[in-house]
Structure formats: structure tokens, C-alpha cells
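We call the chains A, B, C, D and E, going by the order they appear; numbering starts again at 1 in every chain.
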Amino acid sequence: MRLSQTLGKSLWTFLFNSGSCNGCEIEMVAAVTPRYDVERFGLKLVGSPRHADLLLITGPVTRKMAPRLKLVYEQMPDPKIVVCVGVCGISGGTFYDSYNLAGPVDQIIPVDVYVPGCPPRPEAIIHGVVTALAKLEQAEKVS
Amino acid sequence: MKTLEIKKTAPYTTQIGPAHPALKEPVMFTFELEGERIRKADFAPGKAHRGIEWMGLRRNCVQIVYLAERICGICGITHSLSFCRAIEQVAQIQVSNRAHYIRTIVGELERIHSHLLWAGVAAHELGFDSAFYLAWRVRENVMDLLEYLTGNRVHYAIIQIGGVRRDITPDMVPKIEESLKFFEGVYGKLASIFLDDTTIQMRCRDCGVLTPEEALKLCPVGPTARASGVRKDVRVDHPYAAYADLELQPVTPDQLTGEIRGDVYDRIIVRLLEVKQSIGIIRQCLAQMPDGPILAVPKMALLLAQLKKAEGEAVGRHEAPRGEVMHYVRMGKQESPVAWKVKASSYSNYMSWVPMLEGEQVADIPIIVASIDPCISCTDRVTIVGDQGAQVWTKEELHRLSVEKTRQLQLG
Amino acid sequence: MNIGNLIMVVVGTGAMALFGIVAGLFYMGIDRVLVARMQARIGPPLRQPFIDMAKLMTKQNIVPANAIPWLFNAAPLVALASSISIMLYIPLGSFAPIFRGYGDLILIVYLLVIPALAMVVGGLASGSPYATIGAQREMVTMISYELPLATTIIAFAWKYAQLGLDNPFSLATVAATPIWSQVGPLGFVGCLLLLVTMILVTPGELGKIPFDTPEAETELAGGLLVEYSGRNLALFYLSLGVKAIVLTAVVVALFFPYNLSSYLAMSALPARLVDGAFFLVKIFVIMFFSVSLIRIAMARFRITQVVDVYWKYLGALSLVGLILVMVDSFIR
Amino acid sequence: MSFPMIPELLGQLLKKPATNPFPAPQLPPTITGYLKAVGEGKATMNPPVPVPPNMRGKMVYNRGTCIGCSLCIKVCPARAIELVPQTKKVRIFVSQCINCGQCTEVCPKNCLNLSDEFLIADTDRYSDKLVLG
Amino acid sequence: MKMLAPQEIVDVLKEAAGDAFKEARCTEWAEGVKGNKSRQVWIRLDRKALRPALKRLIEIHFPHLGVISCTDLGEEVELLYHLFVYYGVPHSEIMVTLAVSLPKTDLSIPTITDLIPGALVSEREKQEMMGIRVENIPDGRRMFLPDDFPEGVYPWRKDATGIPSDMVKELWTTGRENLKPPEGAGATEEEKKE
């Protein structure tokens, strides 16, 4: 069975806050609530990276969280998808020059899809996940 | 509060965090446990540290307004408002009364959204997901209203030095009224679900108690202090913005139950009552809103030039949903401030975790930690905590099995 | 047992395993959709649990560095196998159990413990602190719900022994002679109390809110299952699904063994189909009340409160039920 | 014993869900196939929750009228705008923009604006869509 | 409770501080239509008078400690204790700021945690961020800074002991090296970055 038909239809998600302001975090949680309800896509929040297929990361990655982020990424069983939510994870955003940031996220772990916004609306996050799925399908077509 | 040693014999020591399902934000706790009972508690914040105060000293004041806003993604107006109030006092900029009223309305809407958010998170910590969904479903209406007024759901960017950036025009008022009516309609339902439910009462009554003496000595702020009977509310004590013109009283749990126990349940009461109070405040503001300009210095170039000449020090304060926020700013005839100290509400509330947690059960950690509505990203502005040596995980067990782990389990 | 019987048993077991797994996942899907609707959401498609399983099977199966590998891998298999084996002792609709005559009510009570024990063993073997704390709590929960469960079963066993039927402890006998027809008004009330007890024991057995302290996502990050991934996790989910069917089937067999076909005067094959469908409906009704509704309408208990609820309140409730049933028998 | 949630839940069972079915109520068999069908008009995509007027979304840059005065760079709190000295025009990195809209207010030529577009997720943070100018 | 006016508070604390008292000013700031004023008292003291003044303030009304602010003024460091009295009574709270200057040669200050236990977080922060030595602090561990943070580097200092420039990571520059040149610009000059 193709990966996009199994993995793509049952994305178990792990939220990781690497030192963000919480705005994106809250919007990601809002995406779970009735108005947006990502569970209709088979997406479910899980409590352990071991169960996760999709990693949603927010925040500019503080030095303290950088090794943790790597660890969480390694703990996730393959195959996995990484989506970086919010501009501060993408390029630092307003925290562009600090002495304690190790980011941006794609310097620490590979990122599949970037969702710009400060913070992105819940729909933009859904759109980001869908973009990741489309990317997965395209990769399957090629191979 | 001494460093807790990691021990392999009873009483066991355990660490929770920095990423854990119960904690939406990174902070690390160390507990000394006896079975399921907590003997000692210690905490290490600082995981979300981005060095914002330090960054601020390298930027001009207009940039800092947006940087301050991003100290916290839940209290979007709090930090920018406090910072602007401090700068206005230093540079002697008189904000128009209309702008004061708009600030107040947005601030109170934020309080409604933040308290509903908290109620949802607290319900989720208790495993009560339906209440979480219900609270957040109601909250979406506040978010819609805030987006309608300011242009963004989270970072409103409406506060500017010398006023606000967007006006509340008369054609916006009906929509606000409609939403207020909606909140009043669902308030009773929410209050009944959170206050009458037997399982919530079983979990929250007499759990995580903070006595009035401790609430005085440990200097907590906001609902944490008020739930323990300390009548401290910046909106009432310290006249600012439109609050100076309004009738309001600090909310304490005895207004509903006639007694003050200082437990988690009392904190739920205070927050729920404050939602109702906020609806009333917005009503008063809409009724009394004066006319006038919304910005004291509309031209940004002019404002920057004026701020460059400013000299002096001041403190700007605001009662955030979580409690008092303070910004100390000192200007010295430069573009950037000479000193900028941010005090977030959770910074003051941290100390009250220790007496609340000690003597309680492991199962109560999430709800007690959540009960002060911690905003770790607010508090951790300054810097980061590095790896504290090996992160040793020792979990107590019935059969004397100690497990060491050098990794942490998480959920954001 | 001759060869023909043996083949019947093997085929029957295979069929039961398939039925248990498919029905388990199907009801999981129904549960998720209904819960979503009650929470004002659209919810996942009905087939979502099947997709989840397919996905978990394709995922990497990680054995943590400080786990005991053979135990860690064996636990989910044991859990699933034991859940399926209980299926063999339970009548489904008008289908009599495959192992009729070999096991009885008391055996089922024992067998029900095995999947839970397998989870405990798996949790302890995974070497994670959260899993170990979850394992302790699971054991405490197990001990707690055993009292009301055992009391209920004893009430039934006593009643049927009293009636002087053949093979009184067999579920097939219980199903053939509905309890409600054997008791007077007092016993009726007693049976109602026992039904309430069973409805509340089910979420405890299945590890659902408010009795999900061992898994407590916000406290223990998933508890017992925290270290499991891929195939092993899928096996645990399957065993939970099968166990849900088993438990509700037991409740149905004990309290609602009625069949439609006897009222409709049907020939053999349609009657079996109608009874099968009716059985699925009964399971759905029980599942809705004892799993779906309870788990979203309450907050999670502390472990001490779980013990309190099961030992004090439900224990007392089931004892009252037992006494009522006994008194009822004596005064008749 | 009081469980006020139960009537609320059972009542909700008969009501319509509060969910906004964006982009489709449930995941289509394939995303690419669905997008193609939407493109050809065979399927309709449900819109997101309507945004209010003046929503602060993705930046729009009118390169023609820009005079390179750098005022926007001075107030930008996120270093999302840089001046290209050769052309005396600015270049905007949407993936760094925090949508505060301060630049649109100071721009003397009104060549910076915020649109209401917010579905801008991309696999490359410096793709053509996300670097303006 | 008899409430003192700002000037009366200054007088009382002046008496308690004795010759260590340096200067005081009272400020007011009004917002809103009714123009109710918020009142602040700024008192500058020598460090030896900090605890006596605070003790005297506690006798007036148990103050709420907002935070201890800190400024690097070049030769010396100024600590500001923002205290609030008369909270709970509408519109009558007074902010009392006790400011103490410490020469950089001797950055030590007595702890106030025995008087106000809630000051601990703030004092710990001052130790690590500004390099102040708080005498008799009950818990001197680092609060926000990591244990492996270099000794002798204090983020809030503005001199050589502040953050060295090689510790600062410019996140915004990452990945821009390989960008295609902006419209209308030559590729060779493209590397030019401010």
C-alpha cells in the first residue's frame, strides 16, 4: 500500500515548542478544536514522539531546546514528516539576532514544509499539512 | 529551596519536563516523591529564553513595541501596552481618551479569550476534553471579534506609542454588542459545567492550596493572589487607561461561595467571574467612549525623533489576564532604551508553585501547575537554561526499580 | 475431541479472531465519530481505525535501548491472543460459544485479567519511568475493579446454581435463561444495580476516562504504551478493541441475552443473521453508554479516587445487588 | 452527583457540528487528484472561515512605485525587508515578516500593502512566492 | 488603615534611612476622562539603608514587590526595588521605588528574602544577569541561565563583561547566501549584506 494512503490518512502529531511565544502553539491547539477539527483528516495529537508521524515545530529553537529537538526527531519512528509553523521557526522572525538561539529549525533537523505567519491562522496550518501530503504524493509518483 | 539530589532510594526524585503533555510550554520540575505523594518540589524555568530584553536594547522603540508583543502569544496586548505606557510617561506623550478606551476594550476581550483558553487547558489537564472543546468553541467567537477589530487573531499589533493604530468605528459596535450577548448567553452554561460538575469538584477542591499569608509573602499576582483572598488588581488599585473611569471591584471567590480556600477550584471561580466582569467593562466602555484622535503622534518619523530626545525612567503596568505585568524603561537620549526590564505575571507566580505542590499527589501536578495559568515564554524572556549535566530520570516505583534515562518524553 | 471437532475449533477460532478484530476496529470508529459529533465536530471517517492500523503496521518498530526486548515484543502478542481467546467462551447472538462446555463465567473473569497483565508487563519491560508508573497504576486499577466485577459474577453464579440448572456457571446457560425472568421485583432491582456496576466496570477494564489513570495522557504522556511504536502498538490497540467487544458481549450475554428470531418465527439461516445483527446493535448500545458517553462527560479521577469509587461505591452497590438477588430467591 | 455535561453532549448529537469543512469535510483519496479536480472545476473547495476586512495577511509589494527611501526598513521589527543598493528598491522576505503592518503605514508611496491571503505554506522558504521584489 | 500621602512616605523613609538617604521625588500620571492620578515615589538610597527603609515600609503596609530592576550605568549599577503599598483600596496604590547604586568594584547587596520571601526569583535573576552578589541569599542557583553559560559573562552588562559579539547568532542571515539575485541586480554584487 502506498505511504500516502496509510501514513497520509492517519497522521499522528506531536507538537514541539522550541521556545516560541506560544501564539503558534495556541493556534495549533485551536486547529484541534471543533471549529477546525483536524481529527476529520485522521490527524490526532499524541503524547509520545514514539507514536508520532508528523512533527509540528514552533519557535526559534533556544540553545537549551536544540538537542531536545534532535532527540525528539530521532525518537520518531520512520517514515516521518516535519512541518515548521510560524516565522520565528523559519528564520527567526522578530527574534532575529540573539545570543541564545540555535535556530532556525531547518539548521537543526530537516523540514518538509514551512508555514509562514505570525502566527499562522489554524487554516494555514491545515494548509501546511496538506501541502506536506501533496509533497509526499509527488515524491511517490517520482519514485 | 535547595537543589534536590537525584537519589535511587526512597524517597525518589523525579523530573518532569521541559516538554511534557501537561506543560504546553517548556519548564522543568524536580519532585521528591513518597509513593504518589510529593514531598518537595523545585522548578527550573528558562527553557524558552530568547534574550528579548537584551535584543530590545539594540532596537528603536517602535520596533520594541512589536518585539514586546511577541514576548507572549496569549497576552498579545499586555506587554506592548505596558511598554507603551512606560515610554509615554518618559516622553510625556498624552494619549487621547478614545485611545484609552479602545485599549481597554481590546484588553478586556483578551482577558475573556485568555480565561476561556485557560479553562479549556485546565479541563484538558483533567482529561475532560468535552469541556475543553466547548470552552475553545466559545473562544473562537472572541478570536473572531479580536481579528475583526485588530486584523490578527493573536498578535493584535493595535497598540502604538501614543495611542492605538486602529479605531473602533460606529459600524463595528453592533458586532461587538452581538458577541457580548453571545458570551452572556453561554456564560451560564460554561459556569455550570466548570463549577457544578462532580468530577471537577472532586479533583479541584482542596487541591493545591495557597494560604492568604503565603499569597502575601510570595508576592503572587492576578487570579492566583485573588483566589487566596489578596485583593490585588492593578485595574482597581492603579488608575490607568479607561479603568480609571469605570466602576469595578477585584474578584475574589467569596463573592460566589462565601468563603476563601485558596485551592484550584477557587482559581476557577475567580477566572469565570472575571469573564463576566470583562463583559460588563466592555459594555461600560462602549457606552462612555469619547471622541478624539487615536494617535498622539501619527507620523512615525516624528515619533522616533521625539523619543530620541526623551530622557528619564518610568514603570508601565497593566493587569494581564494572569496578573500584573510591569515594564521598567529608562531612556537616555538615544534611539534605544538604556534599560528595559520586563516583569511578566508568571514571574511573580512561580514561587507559589512550591507551597501548592508540596503534599499533593503526582496526579495533581498538571492541574496545579496549570492553575496559576503559567506563561513560561513571558517569564523566560531573558536567556536559556543549558543542559543540567545529564538529565537523570529516576522514577519511584512499588518494586524498587529505578530507571535512569538520559532522555525525556514529551508532548508540546 | 475428534478430528472433525478439532478442525471446527481451528476454523472457528480463526473466524472469531477475524470477527473480534474487525468488529473491535469498527466499534472504535463508531465511538470516535459519535464522540466527535457530541463535541460538535465532524470527526474522522468511520474507517479511521483501520487506516491507523495499516499505518502502524508500516511504521518502524522501535525497541528502546533499556527495554527487555523479548518481553517487550511478547507482551502485545499475549495481550491480543488472550483477548481473542476470551471470545471463544462467549456467545455471540444465537451463535453458541466455540468452547461451550469447557469454560464458565469464573474462567472469563480470570481471562479478562490477562490482557491487562500483558500491558503491565510490557510497560515494565519498556524501561520508561512513565510506563512504570503507568504499570503500577494499572495494577492498582485492576485490583480495584475486581471487587465489583467479582461480586456481580458471584451474584449470577449463585443465582444459577440456586436454579439447579445443568452447567450453571456457563455463559451459554446464562444466555439461554435470561436473569430477568428468574427474579422477582426485589431481584429485579438487584439486577439493575448489578447492570449499573458492570456498565461502570467496563471503562475501567478498557482504560477509558474517568478511569484511565494508567494511560493519563496529560500526566504520563500515554503511560504504559509510551515506548511502543509501529506493529507492537498496533497489536495493543487491536487487543483493546477486541477486549471492548468481549466486555460488552459479556454484559449483553449476562443482561440482554434476548434474540429477535424467537419472536419473529424465522427459519434457521435468516434467524441467525437477524440475531447476529441484533447482537451488534446491543453491543453498540452498551458501548455508547459505558464507553463513549462516560468517557467524554467526566474528568479523570486520581488513582486514589479510582480505588475509592470501585471499592467503596461500586463495591457497595454490587453487594447490595447481590444481597437483593439472594433475598429475592429466598422469599420466592 | 451532578454531570451538567451529559445533557449538553446528548443535545449536540442532534445538532450540526460547528466545524468549518475547509478544504474538504474529510481527506480526499489523493491531494493532487483533488487539487486537479478543483482546478478543472469538477470539485469545489470549501473556503476557510471568512476573514474580516483589513485582515493582516501576506505582504504585497508594488515595485514600480518604490523609491527606496528605507523608512520601512527602519521600523521593521523583524528584518524582513532589505534594501538592494544596485536597484534602490527593497526586497521583502515573507517567511520572516511578522505581519505587523508598520511598514505599510510609514511608506510614503503606499507601495507596501497587506493582502488577506494567508494560505502561504511552501516547501521552500525562499521560493518565488515568499521573496518579493 | 490610615493612608499616608506620597510625601509622608518619603519623610518616614527618610527618617529610617538617616544619612544614607540621597534624594527623593514624587511623580504623578493621569489617564482617562476623570483624570484620576496614579502616584509614584522614587527614593535613592545608599545600600546600607535598604533594609532599614524596607523594614519601615513593611510597618506601614506589607508591600507587594513587583520586581527588582537593574541598570548598568557605566561605573556603577543601579538596582531598583519596585514596591507597592495600599493595594486593594481603589485608586490609592502608591509605587515606592527604592533605588540603590552599587559601584562596579563591589557589587554586593544584602538579601531581602527574609523580609519578603517572594523576592527570591528576582534576586537570583540579578545574580546571574548582572553579576550582583546577593549576601545570604537562601538559594543562589542560576535561574534562567544555563549551568554551562560562561562564568563572568553577564547579559545585562554593557561593558566587556557583557555578551561578546561571537555569541550572537544572526538567524535572519541563514540560507540567504544561496538566494538568486533580486530583480535587476547583478549577481556578483549580490553578496553585499549590511
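The definition used in the following text is that contacts are C-beta pairs under 8 Å (C-beta built on N, C-alpha and C of every residue); 3 or more make two chains touch, one makes a residue touch a chain.
Being a predicted model, the structure only gives us computed values, none of them experimental.
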Going only between touching chains, how few steps reach chain C from chain A?
-> 1
In terms of CA centroid distance, which chain is the most far removed from chain D?
-> C
Average the CA atoms of each chain to get its centre, and name the chain whose centre is farthest from that of chain B.
-> C
More contacting C-beta pairs: B-D or C-D? The answer is B-D
For chain B paired with chain E, centre-to-centre distance based on mean C-alpha positions, whole Å = 21
For the pair chain B and chain C, the C-alpha centroid-to-centroid distance in angstrom is 44
Go ahead and note the Å separation of the Cα centroids belonging to chain A and chain D.
-> 17
Euclidean distance of C-alpha centroids - chain A vs chain E, Å | 37
Multi-partner residues of chain C (at least 2 other chains) | 36, 38-45, 217-218, 221-222, 226, 296-298
Enumerate the residues of chain A that touch no fewer than two other chains.
-> 9, 34-35, 37, 40-42, 46-48, 60, 63-64, 75, 91-99, 101, 106, 118, 121
Taking each residue of chain B in turn, which ones touch at least two of the other chains?
-> 21, 46, 49, 51, 54, 66-67, 70, 128, 130-131, 133-134, 137, 155, 197, 199, 380, 383-387, 409-411
One finds touching chains in the pairs A-B, A-C, A-D, A-E, B-C, B-D, B-E, C-D, D-E
Chain B touches which residues of chain C in the complex?
-> 38-41, 66, 124, 127-130, 132-133, 136, 139, 209-210, 212-213, 216-219, 221-222, 226, 296-305
Within the complex, chain A is touched by chain C residues 32, 36, 39-45, 48, 51-52, 54-55, 58-62, 217-218, 220-222, 225-230, 233
What does chain A use to touch chain C in their complex?
-> 1, 3, 6-7, 9-10, 12, 34, 37, 39-42, 46-48, 50-51, 53, 75, 77-79
Listed in rising order, chain D residues that touch chain E in their complex are 63, 78-79, 82, 84-87, 89, 91, 96, 125-126, 131, 133
Can you list the residues on chain A that touch chain B in the complex?
-> 14-17, 19-27, 29-30, 33-35, 45-49, 56, 58-60, 62-65, 67-68, 71-72, 75, 88, 93-95, 97-101, 118-119, 121
